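Consider the two complexes below, in which chain A is the common component and chain B and chain C are the respective partners.
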Partner chain A sequence: MTGETYALIRLLQVSDSAFPSGAFAFSSGLETLVNEGRARNAADIRAVLTGQILPRWASFDRPFLQAAHAAGGDIARLAGIDARCHAQNSADRLAEAARRIGRSLLSVHARIGTPGAAEYRAAINAPRLREMTGYEPVVQGLVGSGLGLSVAQTELSGLHTVTMGFVSAAVRLGRLGAIEAQALLAAASAQMAEILETPAPAHPGAFSPFAEIAALRRNTAHASLFAT
Partner chain B sequence: MTRISEMPDSPAPGPARVGIGGPVGSGKTALIEALIPIFVERGVELAVVTNDLVTKEDARRLQAGGLIDPRRVVAVEAGACPHTVIREDPTLNIAAADDLEARFPGLDLILIESGGDNLASTFSLDLVDWWMFVIDVGQGDDIPRKRGPGIMLCDLLVVNKLDLAPHVFVDAQAILAEAREVRAGTPVIGCRCKGAQIEGVAEIADAIMRAVLFRQVAA
Partner chain C sequence: MTVMHASSLVRSVRGSLGFASVAGRTHLMRQHMPHPFHITRPFRHGCDPQGMVTLYLQSSSGGIYGDDDLDLSVRLEPGAAVHLTTQASTVVHDARGRVGACQTVTLDVGADGVLEYLPDPAIMMAGSRLKSRIHARLADGAKIMLADAQLCHDPQGSGRPFDTLEGEVSITGSGRAPFLDRFELQGADWLTRTGGYRCAGMMLVAGDMRAGPAMLEAADALPGVYAGLSSLSDRDIALVRFLAEDGVALSRALKTIWAAARHALTGQTPAARRK
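Presenting the complex of A and B:
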């Protein structure tokens, strides 16, 4: 067994949709777009994925993930990255979703003994920190470094997770067939590869107003399947 | 085999977590409503997590019912998957229960109601210590015979709405007998949790207290 093979096995494990993180209960604003009739079919879903979801990950989540990976389990540095992620997260609902997913991911990794996870979880457990730390890309970066994944592997996993989460929400919302979903993933792969092969922006910034505003517009009185 | 609870960072023993699963409309929320006054009377500190498919209807119903402090009831959105959120990926429910535990330090018991599902739904033991499955006589007298993991694997099978049996042309005692037979002696309780004559609910409370609260309950 080489270290590289071991890393690949762990990469597959943590990137699998069977890895529990609660992410399946979030649609990144898609449910609102569907309810409003703005996303009706596979073409609309593809437009939201390629125009909003992937660019948002590339410009916003990715720099935080990279920074957290580079922090190598240093709790003070991770907390600082989380604080910056919190300050820059302009869409409340998406921020809350990212914290809920990040925090549950962190507790699962703490429970299965991923290096660094229990320590960071204890560090951000104080009630005052609950609403501002534990963001998904920060936890992904921490976990990737704890598992011995390279930053490129960790990014691959992060992008895969957000893409699969969005596409599977579209299937459950009945706007995309299961096979159409695979065609969409195949079609989006080139863009995903390009994102990963281009350097991340030096400073995180997000511009995906369509999906963000949809997530904010979500009417809490309205019956909903998803938490965003 | 190493149990998850023996792995690093296993949570401190807190309130017992009890799951309530079962098909749509079998009376899961009604059972909780009937159990609350019994637990209150017995001095058991209680909180509830509900998992509704598309609304927070069950949480609102319990919050508005005046039986329990509304802050002790939280709803989890299941992302269209009532069984995923209690079995394959119970993390959101675990987080909701952890949150209740942190906010109400004296809790003895957290009841977790699943969204209505089919006979195959089961609870992850990462999430609950013990769980029951609620069916009702109106769903057909062949339900126990159809087995299904929900019916076979639960710690307690509850057969609700005994009062309806004559109206849906089934024999309640025969359903209970068959349920006991397929479950090979593991517990089955028949009940009625609505209307003037509530029955069987105190026995369900006894079963919960014996199994997870380790309280002495007169047989």
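Presenting the complex of A and C:
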């Protein structure tokens, strides 16, 4: 077995919806948009995915993921990247979601022995760090490096995870049927490929205010399916 | 997405303002305002916090042009209280192939100082390029209320948007975790990213989070405005981000959220600023 084949097998494992990453508990603001009547049908869902979710991942999450992958398990560097990610997460609900997913992912990888995961989990376990470290793209970069995935494979996994999480939320919210979901994924594939084939911005940043505001507006007083 | 700035910025201008509190009243103690910077005389309003002075920033050049590199530094000595605003929106003109304008505002607020930095929105004209940076540094006990807003304007209805917009707002201070809100955007993507709204903005209060719920409630009550509140407790920041259908709704949002925040923090409704 070649190293490349091994890496692909691990890539499929950690990108599968059965992998307990925790990402499927979040809708990235879609639940609010549905409840407010701003996302009613498959066209609206597609507009949110292609106009908000994918661009945000490309310009914000991706540079942090790349930096964390390049850190190669260096705890101090990873902590610095996490701190910058925290500083730039100006939407509290999205920040909380990214930390919960990241920490869940880190915990699973620590338990299955992914190199570097247990060490970083121990490093950010102090109570004072809980609300400011463990962001999803940072952990994705760390575990991608630990599993021997290339940065391109790690990015592919990260983009796949956010896309599948969003589309899954749309199905569970009753705004997409199973076939419509697959059609949406097919339609979004070209944009996803273009994102991955374009260099990431030198500095992370995000401008997806429509979905971000929706995530901020999640009504905690009412029962919700999703945490964002 | 890359905003091209660089090497040949032909109109670099550095301005500065300094305020200090003397016997409980804040005064403009020093100013260096070369063209195109311009200011009015200081004003005082009865409903403002103790000693607060209001100053209007103006431009004597009619806006920001494609090769401007404008830098404004504002310093408040300990205990000073300032409301700093503009007379009107700032027009960012078509870059006409030039590198793009750069506007940097640095705000240093001394211990227990209060600064309201509430400029009117930037109007991004077709073809314009702008890199906007606002950097605030807060000393112990200092508070800042800060707004940053933009609207797209295509007066000829040609369907030609602005070219690029890069925005950066940072807040730092001793003993506090940093805050950095930044983005880079092509004008062609504006309406997609805003869900069809022509205007976007945010207003934050750092150093006192009590105003957050009132700011959101005020924004939510306005027609044509879509808003959400982010509470960043570890940095003592309450931030309301909002979208507005048009310039009227945007202007109303900025005034209303400010008034709500001021009332929540001081118990007084501020007098509207004449513009």
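Things to note:
The rule we apply is simple: the second predicted complex is superposed on the first by the 228 of 228 C-alpha atoms of A that agree within 3 Å, B and C clash if a C-alpha of one lies under 4 Å from a C-alpha of the other, contacts with A are read in each partner's own complex, and residues count from 1 in each chain.
In the analysis below, a residue touches a chain if its C-beta (ideal position, glycine included) is under 8 Å from a C-beta of that chain, and two chains touch if they have at least 3 such contacts.
Quick caveat: nothing in here was measured; it's all calculated off a predicted structure.
Of the two partner chains placed by the overlay, only chain B lies in contact with A:22; chain C stays clear of it. Using the contact criterion defined above for the overlaid structures, shared-chain residue A:160 touches neither chain B nor chain C, since it reaches no partner.
When the shared chain is aligned, chain B comes close enough to touch A:172, but chain C does not. When the shared chain is aligned, chain B comes close enough to touch A:112, but chain C does not.
In the superposition on chain A, contact of A:215 is made with chain C only, not with chain B. In the superposition on chain A, contact is made by A:100 with chain B only, not with chain C. Of the two partner chains, chain C is the only one that A:203 touches; chain B does not reach it. When the shared chain is aligned, no partner comes close enough to touch A:77: not chain B, not chain C.
Chain A uses no single residue to touch chain B in one structure and chain C in the other. Chain contact summary for the complex, chain B toward chain A: residues 4, 7-10, 53-55, 76-81, 84-85, 88-92, 94-95, 98, 102.
Per the touch definition, chain C reaches chain A in the complex via residues 1-2, 166-167, 177-185, 189, 192-195, 197, 200, 226-232, 234, 239, 241-243.
Chain A contributes residues 38, 47, 50-52, 55, 59, 83-84, 86-88, 90-93, 131-132, 201, 203-210, 212-217 to its touches with chain C in the complex. Within the complex formed with chain B, the chain A residues making contact are 18, 20-22, 24-27, 100, 103-105, 107-108, 110-113, 117-118, 121, 127, 169, 172-173, 223-227.
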